[in-house]
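In what follows, structures are represented as structure tokens.
The two complexes that follow have chain A in common; it is paired with chain B in the first and with chain C in the second.
Now for the complex of A and B:
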């Protein structure tokens, strides 16, 4: 056993000396390889973390939301629809929601205006999300003035700022009283934005949705499971533009690595010839090249993954911010919770380490079974 | 020191760091539980439905609540011109072959 380990150590020593002889070329390869693993791992870690977090927190969103559609577009919901729904078995609560969008020309940002049903606010009071507080540079006690759809100026006193730890869901929220909301947007008292329903038994949700579609043909129910599915598919790391953009660079790397690994240079062929001439076995040559492929790919994987972890969970995924931010002025400041999926890491390991190692062995096997004299020529 | 010994030390350090990322992940997920719970409570209290990740357009802000013909929201042939639209996938039934 000891002999075997010593033998492998000598082979690794020789492999490393051989890599050192072509230092610049091999370092270049390692750098590009590490960068590819870093990008792939960053996308994987970031999207998995967001998907898990979205799944956990949106599990508390309403079971059923009922929207009214007019000519295929979302329209205000008449309050009488609450009566038309009547009593449906399994529905424990139903209520109208008031929410909408407001574009603030002062900072060119879109806000989400909502009426909270769990707290009473005065007509001139407003609760704002931490993102708005940061963007507008306001604090509790300061005033915000907005021009309503009717052209009237409304002044609000900031009475509270929503928890900065929850910016992922509250960055752009502006909470006002019902009366203010209706005045501001000119919405009559008998209209809501939509209706939310609470269903006691999760297995009855679909049945309730079916009944609602029959009762109100011009309304569409949105189920919580659909919300969760939407976010699950958005943050699938195998999909989306990031992966498409990465696809090009991955393909370029595959071609580069395949060329480097499978095409032997004249110098490498000569080296194999000499090794065989001085008495190396074919298996030793293959082992040496196996170590070469393993060292390069394993190092690239380990460095790439560790750097990706630091980037996503300690650097707030700074590289993805421009992509996610788009043209939005308000972008939540948040640290993704480091949910790491072991299976995804194992998949990344398999697809980054194995192909390169195998690609290095095959041409070497071909070269090392030929006559040393022919290889050296 | 032999080159192979140096490599073993380097790989061992990297492997230790890799294990550390998993330990760090487990510890930080546990530490984040109260914050996650607070976010879930806020979602329940305000009856929220979406993450405020893409605030640039109404159909990207509330992805799950947007009209069915997203991303052609404004008029037919109105191509989606917001960058986050490129991150958002079409509905699953359109992606099936």
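Now for the complex of A and C:
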């Protein structure tokens, strides 16, 4: 066992010094390799952290949202539906919600107006998201004026700016009081936008939804797990699309690696010839080349991954942001939470190291069967 | 199909490995027809040189297959959030009828590949390559398995449809339903325990016998394989219940999750390693009388038997520990 380890150690030593002798060639390969890993790892880390972020945010959302449909379109929910639902076993809370969208021509962006359930606001008070504060250049104490759908102007005093930590969801949010909301949009007092229900036991959610469709045939329940699943699929699908697009560059890289590995210089050939003449066996040469490939691969993989990590979590993923996040005028700026997942690393490994290894097997073998007399003559 | 990087990687790996093996198979046929160690012809020299290439390709291919087995299970686990009704890998494997066959084929390829590598290692230690024909004949038998795996896996991933409502492990592993999973989980825990320890005892004893006398190696390989199958059945019908501390939760995948301290890895890794080593010992045993291999075979058989015994022991210790320290008590109910 000890001799085995020592032998590998000497081989690695030898490989390192031989790599150093052809620095320029190997640096070129390393650069391209690192770049490939960097691109793929950036996409992965970024979409994965978006997915996680969405999951964390939805964690605290209600289990069931009930919307009324009229002629296939979303309609306002009569308040008496809350009574018609009555008491469903397993539902711990039910409430009507008020929210809607408002287009602000001044910055050409859509805001989300909402009546908060956990804080009381005055008629003229408003709480705004960090995105709006940034775009409109307002701070606490300033005034914002909007024209309602009826043509009336509403003036609001900003009393608070929402936490920048959850900017992914509240960048475009405006919180107003219930009275102001109804006045602003002209919504009667007995209507809600939708109804939310909280269900304590996750395995009862589907049953509750089933009961709701029986009680209120014109309403559709939307489950939190469905939203989560959609997010999950969409993000992994986007990730896949980018990978397909990058497939071309992976292929180009494989050809490049093949070429580098098979284009042995006369000097390298002589080196292998001499090694074999002094007693190295074919398997020793293969082993040495294996170590060479491993050293290059691991270095490129680590470097590329670290660069991608910095790019995504400290550089806001500047290269891919629009493709992976989607785009809008009023866009949340957010810092993804650093998170590394084993599955992602393994997948990345298969996308980069595996093709490289396969591409270099045959060239390595060709080099290793070199006859000493053929090259030294 | 779901366009997901892990799926793309898995399909890519299987296809590449299948192609590499086809390449190797072409060579294997040449070797079987023309190999003659005593000849000094150009052809023989070429064949000898190419054996190095094939060995290298196959070692890489089988290592890739091993990693892809892990990635497959891990990915199935991770995708469980994307299917209605799936709560772990079981549900995802159930989405399409090809799910379980893929997993079984992957395991079969792992065992076949491992045994082949062990044989290859032995053969390379003999100066006259005495096993070369047998080795490549065996390789030809493995190739269809690898190709089948690539095809079945692709069919499985192409058939994945997120709209299908699948069933989670809770409804699959119930004695009331039908199918293999139900048969396995409806096995009386008492029978499972007896079978588990009996097969384990047999494997350990035959392993010790292999160390002392040389005749028991094939018995060891057979009983190792038996112990493997019984262990998987016992995990589903008995051990898992104690890990989950729930008399009706039979899933063989949920034990890999962090909520159960990843105990599944401590069970599966030693079990798989020990089984492949036991199989390897069985593959080596018939050739230990070939003059150029006598010494190498004796050393390898001894070493692999020890390692396999260690693996099996570890598995039974972990399984027993999981049951003994569990808060679940079923004494009055089951026996």
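Just so it is clear, the second predicted complex is superposed on the first by the 262 of 377 C-alpha atoms of A that agree within 3 Å, B and C clash if a C-alpha of one lies under 4 Å from a C-alpha of the other, contacts with A are read in each partner's own complex, and residues count from 1 in each chain.
Methods note: contacts are C-beta pairs under 8 Å (C-beta built on N, C-alpha and C of every residue); 3 or more make two chains touch, one makes a residue touch a chain.
Only a predicted model underlies this, so the values are computations on that prediction, with no experimental measurement involved.
Participant: After superposition on the shared chain, which partner residues are touched by A:233: those of chain B (first), chain C (second), both, or neither?
Facilitator: So A:233 meets both chain B and chain C here.
Participant: After lining up the shared chain so the two structures overlap, which partner does A:364 touch, if you call chain B first and chain C second: first, second, both or neither?
Facilitator: In the superposition, A:364 contacts chain C only.
Participant: Identify the partner contact of A:22: answer first if only chain B is touched, second if only chain C is, both if each is, neither if none is.
Facilitator: neither
Participant: With both structures superposed, pick whichever of chain B and chain C touches the larger number of chain A residues.
Facilitator: Between chain B and chain C, B touches the greater number of residues in chain A.
Participant: Applying the document's definition of touch, where does A:286 land relative to chain B and chain C: first, second, both, or neither?
Facilitator: In the superposed model, A:286 contacts chain C only, not chain B.
Participant: Which partner does A:351 reach: the first (chain B), the second (chain C), both, or neither?
Facilitator: After superposition on chain A, A:351 lies in contact with chain C alone.
Participant: May I ask you to decide whether A:339 touches chain B, chain C, both, or neither, giving the answer as first, second, both or neither?
Facilitator: So A:339 only meets chain B here.
Participant: Regarding the shared-chain residue A:147, is it in contact with chain B (first), chain C (second), both, or neither?
Facilitator: Touch partners of A:147: none, neither chain B nor chain C.
Participant: With both complexes overlaid on chain A, does A:169 touch chain B (first), chain C (second), both or neither?
Facilitator: The answer is first: A:169 touches chain B but not chain C.
Participant: Let me check the overlay on chain A: which residues of chain A are in contact with chain B and also with chain C?
Facilitator: Overlap of chain B and chain C footprints on chain A: residues 229, 233, 236, 239-241, 342.
Participant: For the complex, which residues does chain A have touching chain B?
Facilitator: For this pair, the touching residues of chain A are 9-10, 12-13, 16-17, 20, 50, 53-54, 56-62, 65, 67, 69, 72-74, 97, 101, 109-110, 112, 114, 116-118, 129, 131, 162-163, 165-173, 175, 194, 196, 220, 222, 226-227, 229-231, 233-234, 236, 239-242, 295, 298-299, 302-303, 305-306, 309, 313, 323-324, 326-332, 337-340, 342.
Participant: Going by the contact rule at the top, pick out the chain A residues touching chain C in the complex.
Facilitator: Listed in rising order, the residues are 44, 228-229, 232-233, 236-237, 239-241, 243-244, 282-283, 286, 342-343, 346-347, 349-351, 354-355, 357-358, 361-362, 364-365, 368-369.
Participant: Along chain C, where are the residues that touch chain A in the complex?
Facilitator: Within the complex, chain C contacts chain A at residues 2-10, 12-13, 16, 20, 49, 52-53, 56-57, 60, 64, 67-68, 70-71, 74-75, 78, 81-84, 124, 162.
Participant: Which bits of chain B are touching chain A when the two form their complex?
Facilitator: By the definition above, chain B touches chain A via 2-4, 7, 10-11, 14-15, 17-18, 21-22, 24-25, 28-29, 32, 35-36, 38-58, 60-69, 82-84, 86-89, 92.
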